[in-house]
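Shared between the two complexes below is subunit A, which pairs with subunit B and subunit C, respectively.
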Partner chain A sequence: MATKASRSAARLMMAPAVILLLGWMLVPLIMTLWFSFRTYLPLRGGDKGWTGFDNYVRFVTSSSFWPAVQTTLIIVVGVLIITVVLGILLAMLLDQPMWGQGIVRILVIAPFFVMPTVSALVWKNMFMDPVNGLFAHLWRLFGAEPVSWLSDAAMPSLIMIVSWQWLPFATLILLTAFQSLDSEQLEAAEMDGAPFAKRFFYIVLPHLSRAITIVILIQTIFLLAIFAEIFVTTGGAFGTRTLSYLIFQRVLESQNIGLGSAGGVYAIILANIVAIFLMRIVGKNLDH
Partner chain B sequence: MARSVSPRRKLINTTAAWAIGLLIFFPILWTILTSFKTEGQAIASPPIFLGFDWTLENYRTVMERSNYGRFLWNSIIIAGGSTILGLIIAIPAAWSMAFVPSKRTKDVLLWMLSTKMLPAVGVLYPIYLLCIQLGILDNRVALVVILMLINLPIIVWMLYTYFREIPVEILEAARMDGATLKEELLYILTPMAIPGIASTLLLNFILAWNEAFWTLNLTAVNAAPLTAFIASYSSPEGLFFAKLSAASTMAIAPILILGWFSQKQLVRGLTFGAVK
Partner chain C sequence: MGQIELKQVTKSFGDVQVIPPLDLTIHDGEFTVFVGPSGCGKSTLLRLIAGLEDITSGHIEIDGIDATDLVPAKRGLAMVFQSYALYPHMSVRNNIAFPLKMAKMDNAEIDKRVNAAADVLNLADYIDRRPGQLSGGQRQRVAIGRAIVREPSAFLFDEPLSNLDAALRVGMRMEISELHAKLGTTMVYVTHDQVEAMTMADKIVVLQAGVIEQVGSPLELYRAPRNTFVAGFIGSPKMNLLTGDEAAKHDAHTIGFRPEHIDVVESGGQWQGTVGVAEHLGSDTFFHIHNTGVAKILTVRAIGDVSLKHGDTIHLTPRASEMHRFDAEGLRIV
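Showing the complex of A and B:
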């Protein structure tokens, strides 16, 4: 087994990655913490000194805080429900024998590879434009008044765009889980006369539960941080300002660094709560 | 899975799956088609699906007008540079964790993963400030380093899961025969690890190519990659559908093609080996 020499060599080989990540984590984190306790307005007088927890209190008591929390929750939960439910159905379908399975898989996965700014712009202009968008044409075809999607129904539109981007991810992972399902067990249940619903809820769903949990956790972490989609479509207007977009605006647009940093600390805490659950599952998997 | 079903059932499956697949793919298909239309045909009512005069005019206009080449070059440098730099740092780390594991290996791996969970917006200003003070705002090298750090946990994890599948017995046999650490790395591990390294490279190139938080916030002109190029097509230029489509197609085409090769790695890379 490993000798003493190879152990210290191994430690040396790990060092660059560990040191870099440690620096990447600690330096900005400490700076954010530091700024969050100060009144810091680079364009209006610079660093005006220590303010204690003022920024933390002001961030949560500002009128834009709760709407932003609500928006964030609606987007995350909305996209999760859509992608997980449709993902299960789609994975179930793709797991069936058919002609051209490989090509269908490619078609379904493709949106995941489209860069966020492209998908946001394509949806915004070519589909949701109230005059020339494809939806407007479709609405007129049925004699309906075209909708200004991104101003009158901004949240559903945004959820749709983001769901389109993430459905492939959910489908692909659930499909991988489906493929490891013991088909003999299913066939046995079918022969014993178990109806489809029973087979689904007692055999398929329990088998998928781990994959579903992982999809939910990973997507939550990414969805809490969506940026480009909002930046390009609404710029945070029409009730689409999420918590991370609010922080972005405080930091870069209104240049209130103290306040934005306090918001950043909240975002970091929130993401860590989700991350702990994800780590538990991933960690358990490392043991066997 | 080879299950036998009736041809009728198979036909139903096929029809349903193709219909849904095409529906999901439609926005991409529509973008590609529109990029070959004239601006007039792009907004024609009712929309024209295939029967238009195919033209390459939009591609020519976009290339002339916007210096597309520079954005593309920046994307290649940033995505490629960060991936390669990440691999250089991650390969030794993942190797040592997979073959000389210690009690703390698991903790180190999980800790690395936790750095990936840090929300970018939470550290936006510190990074922004550091870039200004070091004079590397709107600089390609800065983005190479930042994207490398963002993806380093994923790179280490992917490599680790691949390396762990290499049987240790082979290594032990080589050690018995008196192979040095260097020989072990060069002649035994590297050839067996190449498929895993290639997959990691591919997936991380894609992730870095599509990254749109740091690339939008830390670039202006010089270092702006394709994500920023497209964001600049926000109104009013975005209303020129044909040109927007041409620009979009050029930005996503290389990655769509690479992506098709990396489906399987996608699952492994993004679930940290938790779903196989």
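Showing the complex of A and C:
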């Protein structure tokens, strides 16, 4: 893109895509903002006009708001910790030369290709069902009382399901990072007298830091919005109501579009705070 | 102290034996260079000494102690890698201090040693930078610094100069030689560059396919190569090796003359041929000569600038006293 003519031609060519994307984003955003300032009850009189910040106040003062924020953060942080730690361990294993490496790697990545709804249903019905689930059978094999996972331990179960889905992603990114580590660095550290654990913390982990930040950033963006897993397992009950699930309930179960839209705006703000925070860390880590 | 002894050492990768039984003694304070074409096992041999590879059979003794089963860190050796292997997220200071920190030395002593190493290697100006901000030569110095601070009984260098440009390589060669003179520590140096070997070594070990072809001082190897491989490998440009009738005249299978031992004469030389490529270096001129009838190409050195052009006829007389003779197995005939 050297000349003036080619630059303006490029702009012209890109314009449709840019305008389409902007429209795609801006129209729902503006509609959400618009509805959030109105009392809009589709089954109870429709659009009843301007209410100012009433919806915003109602949404935050509702007794379910802070627990929902807390639930969201617990799921995000819990899944992040599990996927990063297990991802590092799995990547380390997969990095070892072994027989059938290609097939094993594909199998490890497989969960990522399963749709969230499907994987949550599989977990719910095949593993966690208190009567016929595999876990129930396993528990009974050892003479224990089967656990009703999704009601007695709803949050851990949910975190487990979501972690299972995201572990392949973390493993894959971390595996490529492992493979880019110069083996001479590890050998140098070995000669310098660093035992395995110290080699890991002084050489391997700093090398992985960039990949770990990327995993955290991308996963956080997607984890803030998980919905299908909650919808098909607990339906938001037993303390698994996240912010996005709360918004869904306000709009569709309470049929209050104005209130739900206000929640949506809060969710946008929350996501942006997290994003700015993460971008700073990433920026710092990507510099070096 | 830094005497390294290899006794009947072998190394196999799977079914492939890369190092057949090998004996070698490296004396304390010696600058030993392993040289050979790529794939000759010289780096493997160095890694066996370092402990980064396990030997398949045999023994390695360092200072009289059996080190065969010792982990690398316990052998008291320091290694400088081809890629330098600096830790990219640590400053130069922390890179150099790393082995001392691993040895749990106290901070005052670490600072003292790091500063001393920085002085020796002129690192002080960039001691707080990271490796990514340094040039190749500077990184090389840091890698050497990291080796020095441990005060090892021997240094191992694995082709340390191969990533540097030509000018820097000559400079670093001098610096490493200086360092050896200053420290007096045993150094084992691996290279494929025979010029590096000739200029730096006290003792050269020429390797081919894992076998030691000859061990000796640079001039011993130059004057009396034990076989045709060493004769062809040591010396630049290569020795002219002639077979057939010309060699038979001297009761040998192969005879060899170094380019500097064939004189260019005005007329009536023993051989004559056509000048091919001429390499003018100023102080010397190297001619590649065709159609001599004794070998496909002869390389000849003429001192100074000799005005012979491509296609000219040249007359040559080899110095009989500088002839190397080899038998059918390629071994030197004394």
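The working rule: the second predicted complex is superposed on the first by the 274 of 288 C-alpha atoms of A that agree within 3 Å, B and C clash if a C-alpha of one lies under 4 Å from a C-alpha of the other, contacts with A are read in each partner's own complex, and residues count from 1 in each chain.
We take it that a contact is a pair of C-beta atoms (placed from the backbone, for glycine too) under 8 Å apart; a residue touches a chain by one contact, two chains touch by 3 or more.
These figures come from a predicted structure and were not determined experimentally.
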Clash or fit (per the criteria above) of subunit B with subunit C on subunit A: fit
Partner chain in contact with A:Ser148 - subunit B first, subunit C second, else both or neither: neither
Cα-centre angle that subunit B and subunit C span when viewed from subunit A, reported as a multiple of 10 degrees: 80
Subunit B versus subunit C as contact partner of A:Ser62, first or second or both or neither: neither
Partner chain(s) touched by A:Asp182 [first = subunit B, second = subunit C, both, neither]: second
First (subunit B), second (subunit C), both or neither touched by A:Thr117: first
First, second, both or neither for A:Phe231, with subunit B first and subunit C second: first
Superposed model, subunit A: greater residue contact from subunit B or subunit C: B
After superposition on chain A, the shortest CA separation from subunit B to subunit C (Å): 8
Residues of subunit A at both interfaces, subunit B in one complex, subunit C in the other: none
Subunit B-facing residues of subunit A, complex: 2, 6-7, 9-11, 13-14, 16-18, 20-21, 24-25, 27-29, 31-32, 35, 90, 93-101, 103-119, 121-127, 129, 132, 134, 137, 140-141, 164, 167-169, 172-173, 176-177, 179-180, 183, 210-211, 214, 218, 221, 224-225, 227-228, 231-232, 244, 247-248, 251-252, 257, 260-261, 264-265, 267-268, 270-272, 274-275, 278-279, 281-283, 285-287
Residue ranges of subunit A in contact with subunit C within the complex: 182, 184-185, 187-194, 198, 202-203, 206-207, 209, 288
Contact footprint of subunit A on subunit B as seen in their complex: 1-5, 9-10, 13-14, 16-18, 20-22, 24-25, 27-28, 30-31, 34, 43, 45-47, 89-90, 92-93, 95-97, 99-100, 102, 106, 108-110, 112-115, 117-130, 149, 152-153, 156, 181, 206, 209-210, 212-213, 216-217, 226-228, 230-231, 233-235, 238-239, 241, 244-245, 248, 251-252, 255-256, 258-260, 263, 266-267, 270-276
Touching residues on subunit C, where the partner in the complex is subunit A: 50-52, 71-73, 77-79, 81-83, 85-89, 98-99, 102-103, 130, 132, 146, 150
